[in-house]
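Just so it is clear, A, B and C label the chains in written order, and each chain counts residues from 1 on its own.
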């Protein structure tokens, strides 16, 4: 491959990663804003919570991989979409709340996108094929976990419905695709698609993993 | 400017940053100790909580910017003032509790100092003028957020009264001063002063940002 | 010392650190799994919580020291023992719960091992002898703190019984041994032994530090 093509490919790839990352940030930031409205935070607290939900996963990823400045701090556009999400929630919360199902879909999309791009970033930074999907999963679930901790909820990710494991599955697809030399877009689509599919099955068909039989109140809630 | 003058300036600047940082650490550590007494932790837990409240903001800042060892781990004096604050709270909590107003003022001072020095550190590390104030804000509010999460409270920063936004305003002043080439001390004083002023207005005049109209129980609490 | 011997020593040391770190990870991961069963998370959430409890301390340590990829992300064996712990808890929770005392002993062992290896890593990374034991302590208590925050508990480390301070004591022994040139194994054994002894005294003899006299409900709970 000649240099010109390679750098064009690199450019396209970086753009290909930027757009899903921005979309993922926006939908996660929406979920942060919704949590903020429920927690009665003010407009600015809403923005902080949106930023945390949308960006903490990527920031953790880069802090662990050693890429600085970490995550969203290297590009103002992540801040912009996070603040936009906070403003949208502040003014149109009822419309969003009515479309709860839609928000779940967007969240599933964000999870899928982050899991794939996070795994890719981990592989690029030299993580082993075993650990890279774990990093992709952390990228996908980190923001939501911080969001829930900040408003004093048990992280939603611990509540079944194939959430974290869907993200991990996406990461595994990326690792396999990378090892077998699949075209990047195919790998991307398959990984994100599998994660999204598993989330949909979790939401609509109740697919999930078992809780330990000795958990208190199991079966009631 | 000749080299001798420049390194003297650098020395003065680093000292100029060290003292406010130590003062800020101490007052935030006091707030950590107070939270610890309320949460019934033992003397050593008090020290851990004081250290967390006083230093987590700076540690997060450096972990994101890529400066190692991060934050207070590079200088024992931060540990010293944190432990001092814990001891002060352990023995004289009632005196501190009676001076609640005074603690709020000190906290406002700490926030102002951290927001300014955090933004400066971010600019020095190459962050864009858009993201540097966000980093200053995080430096200012990070310790208090961790403190509240550790004792299972919703972070105070989410409860109105112009807190995080005051820190952001300080950071914006620093960015403007840096761009226009203001003398550093002027920038420092204006930024920290604006943040402190906004906090005072929040505390005494009830200045604040609106909560979303759809927040539950809005207007009651 | 000739090069061959030195690199052999380095190899032995790295192995000497790997095994206690893996054992420490496993026992902390067990505690994460137990917290997960109580918090009614599903099987995969259990694995996430086990991984967090077992590895967050080391990941924080490396993120602060600037060693990348941080902590367990550089070696798949930490993931393996964490998942193993989750599986063990999932299937045999009652047996583990009946052996609560035994779990406390294992936890004490994990704390001792992490405190020593964390302090050593901090010294190697150039931290001062004052701050290195603090880093060792953080390595030891970080995972448990994150575990408790994730399931919405006040961190157990704040509840007396010589926990964090036992870890700090181990770190101080390591610093003294390093300064006086003690053989590494002696330093290791003395540091870890002291921490373990203090924990045992905390558990069995009620050794502990005082709570501030002004803490609410002091003496009742």
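Everything below uses one rule, namely that a contact is a pair of C-beta atoms (placed from the backbone, for glycine too) under 8 Å apart; a residue touches a chain by one contact, two chains touch by 3 or more.
Predicted, not measured: the structure shown is a model, and the values here were computed from it.
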Angle (degrees, nearest 5) of the CA superposition of chain B onto chain C: 120
Self-contact between copies chain A and chain C, residue sets same or different by half: different
Whole-Å gap between the CA centroids of chain A and chain C: 29
Multi-partner residues of chain A (at least 2 other chains): 63, 66, 149, 152
Residue numbers on chain C that touch chain B, as the complex places them: 63-66, 122, 125-128, 130-131, 134-135, 141, 145, 149, 152-155, 157-160, 164-165, 208-212, 214-218, 221
Touching residues on chain B, where the partner in the complex is chain C: 36-46, 48-49, 51, 59, 63, 66, 68-74, 76, 79, 89-90, 93-94, 97, 149-152
